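Shown next, in structure tokens, is the structure this report addresses.
For clarity, chains are labelled A, B, C and D in written order, and residue numbers in each chain start from 1.
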């Protein structure tokens, strides 16, 4: 299998804090990779580094063999890396359709506004938002907003899609829907990195899991093996105890 | 979109016809209206579409006025000077935009304020080129008063129409779409592939080019320019008030705002000799406190209420 | 030798600039409001001192307290009645609102006091004293001392009192402060009031130095802007450092390049600084 | 507190509005001559605007009290139409055009200062409306070849030559001069003219500093001038600049033998504001209440004018106020001489005027600028102005600082 994304000793400091510390792993074409870790482990920061929201302090990030470490966010987006946000970020004053069309227009290769809207409609049908196209994004329910995020990501025609807690706050029926959708996307050949707290989701969806703790990679392997890894268990339990006493760092 | 074009053509024709038949003072008012509309529309590119609170309008206006004034005194033909003034303002905006468009909110606002102050001081301290604090006289056009006033109205009208046309085109373009994304959430826009930096710079440049030309036409029109006048902070604030009046980020909002502001100004200047500044202040206060979304929102609210009943 | 005089001039000017800016910085930092009214507040303080001196013979340095008190009430009222209604709106809106209020207030002063320049002539002004051929004007030095004292008082007010802690809490996180039971609207009004108080007190102080007229307000406002950006928002030490820096810079700039370029120089520096360090020289980290 | 304050303010607005409204209504009933006066009533030039307004008002009142202006077999009341251009020159131009086309004024008073007068004169010239400028002294205003513009202030060199003469002839020790000028039309022009006059006398200019408009601190300039050890400091600017410069000169130990300031000291508020520091400052004005002329105008003698002024405003007029009143009186003379209110005829009458007024001899040169005045030199003493030149109206000798 060909390697699509490769991280080589990637680090990022904020002030004196090592948010991400010397992380290296690879993601193969067509893979679904899970990214786990307790709160504050650096998962979202890592996604931010890959998508160019923050520059890495050191290390290199390769996408399809090309060094994207120093590229800016919009350039990376156009290369075919899409993401959703943990805290959903729709454009509140635009309609659902327009929200999705932005992705198609600026990174999805749409030839013009008309084309972008046509593409956006398809993605909205796929994500089950076909009945909400003309609503303002700010009026949607949380579950629908999460799906809107997904549709926006898809509209970018990504080769790699990073899903940051798309299931948080959803009920179990909504989660099942979402997972079905994710699998369908993967079957179309899109590589996926998924961040999730719910182990059930991870076990049923991810083919491989990378675990982070305090910015460091502590495990990389098939789901069963990673979840039995003592360092991973300690990280979760330990952090729970820590949370009970002093509150976790964010 | 089609409707926008129809309104634009009809509006322009109406102003043109009114101007042709009116007396000189009325023509002067219409000329100011077109100038205001140009300024407000231009501000809307950066302030409304992109959401960057710019006070650089005064800088661009003064720069255009002085560019054209200085060049005209060198003997260049007037139309060429107007064009060069627009170009100069746009190039200046793109260069300065490169330096300050990474600033957000307050800091951007201040930086734009300072740019106008800087330019004003530069003009003040280069009397050999610009006349400094003494002001600058432009060559007088040797044509009759009546023709002159109509020529300048026509020039401003054409400029206002072109600016509005640019706004209509922008709204339905890739650039306009990207700017709206930036206005609502810049980092999310970047993630979606919008080159925020480039787009903002383009919007800043667009907000300068027509203002620069307006300044140039204005300079030729009043025949005499001086720094405190063409770099006046009010030139930067009024477009903002107009856009607030008419509704932010819309096509005809700025023009409605320009009409309303001009009408209020005329009314207030005529009737409150020594307290017109206060009257303008009261208008601004009422506007901000009670109609933050512009006059249109009032109409919308009313019609919504009626619909409910 | 002349350089010491230039430096002394700059420091004295800078202390005044710091005082002019500190209230503006507080309001900006805590409320996120660019208070265009600030210059007018200062002038109002000067007028209070002027009339107190003319009709009651009160020394302007005593009027500092009167002016501060009156302006506090005024600021409190303006914030509660108007600005609080739109405090959550974008910067542009609150800025436009204060601009509108400023037009009204300034025009009112113009009608009430006329634009004539007035000056307080103390019957026994403090003399200039000369140290090693450096001239130090007495009343400027005294005003500078009082200005520093006020600034230090403000600093301790913010650090050591409940009100101060509430202000800092609001500055750091409005929502969290509200959740912790802070009456945010009231704290807003108090903060704006304190900003106005500092402006009024400064106005009374500088009434012994500058001619008084409503027309001066924009000049004061401009200086406050520059100082804030130089020193960083919402910080008393920042305002102090920014003010002194600006004073020294203008003094030396005027000496080397001619007084007509002093302002251009300070603006140029400001632009460079905005480009390089938008957070100001001291950065912004809570109001301390 | 806030509400009470607001209501007070609103009441004030309402009253102001009512007064203005009624004034406009009252004026329209009779046969009137309307004179347009765009003035800076707000903004940085507001103090100057207020002075001009006082002068115009006194003239209109006096003319009407004496039965109005007779011309063409009719008697006309005078009405002045004001327009606040907020110290914004193009607003003044716009106001001038509005007054001519909308308010149908017969004549115009130019706005304040050389720059605005020059700008506004292009409008009145186009419409052929006689315009009198009461506060424009720079020759550039009048050298445009305009036919309808007249000015009541003599050119700048007439205010620099006399004082240069007096100082150099009285005190041979005065050799080094430092000049500090506001970087602005009139102040800079006068300073440059002074430099010429002084160089012609063989004086040494040891410093020529300019300060920006709106400068809040002059310590750098003063320190630099002090280093040059001048015998004479010549500063130009407006009242607020000059007050601050004087104060900082004192604070920083700059103590020359002569201090001359233009054009602030002629104004009462300068003497009030500087207090003891104003003592012995010399200056020049285009007119002074101590001059004595037997005018053929509506005011009559200078004494009569002073009396009328004192009755209405208390105290003495300064040159700007008197010049504004004179502009009205001169316009009236022109109308009466033409015996018509036809703009062209009045223009010709003004151009050929050669008459004595309370303000001085009035005769306009070919450019329209008055050429017949002798601007007096004076010095502040005990808060009062004392004329030291010309000989005919001299009240004392020029004193030097020790």
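Note that in this section contacts are C-beta pairs under 8 Å (C-beta built on N, C-alpha and C of every residue); 3 or more make two chains touch, one makes a residue touch a chain.
The model shown is predicted, which means the values in this text are computed figures rather than measured ones.
Fewest steps needed to get from subunit B to subunit D, stepping only to touching chains, is 1. Shared contact partners of subunit A and subunit D comprise B. Should one ask which of A-B and B-C has more C-beta pairs in contact, the pair is B-C. Between the CA-based centres of subunit A and subunit C the separation comes to 48 Å, rounded to the whole angstrom. Here the spacing of subunit A and subunit B, counted between their Cα centres, is 43 Å. Subunit B and subunit C have Cα centroids separated by 32 Å.
Taking each chain's centre as the mean of its C-alpha atoms, subunit C lies 35 Å from subunit D. Residue positions of subunit B with contacts to 2 or more other chains are 121, 124-125, 274-275, 277-278.
Contact of a single residue of subunit D with at least two other chains is seen at positions 9, 12, 16, 42, 44, 183, 212.
Multi-chain contact residues of subunit A (touching two or more other chains): none found. Taken together, the chains touch in the following pairs: A-B, B-C, B-D, C-D. Across the interface of their complex, subunit C is touched by residues 47, 53, 99-100, 102-103, 105-107, 109-111, 113-115, 117-118, 121-122, 124-125, 233, 237, 240-241, 244, 274-275, 277-278, 280-285, 287-289, 292 of subunit B. Across the complex, subunit B is touched by residues 51-53, 72-75, 77-78, 82-83, 85, 89, 91-94, 98, 101-103, 105-108, 112-113, 152, 156 of subunit A. Contacts from subunit C toward subunit B in the complex involve residues 28, 32, 34, 82, 85-86, 89-93, 95-97, 99-108, 110-111, 218, 222, 225, 229, 233, 260-261, 263-264, 267-268, 270-271, 274-275, 278. Contacts from subunit D toward subunit B in the complex involve residues 9, 12-13, 16-17, 20-21, 41-42, 44, 82-84, 86-90, 93-94, 97-98, 101-102, 115, 118-119, 122, 126-127, 182-185, 188-189, 212-213. By the touch criterion given at the top, residues 1-2, 5, 9, 12, 16, 42-44, 46-47, 50, 183, 209-212, 214-221, 223-224, 227, 239-240, 243-244, 247-248, 250-253, 269, 272-276 of subunit D touch subunit C in their complex.
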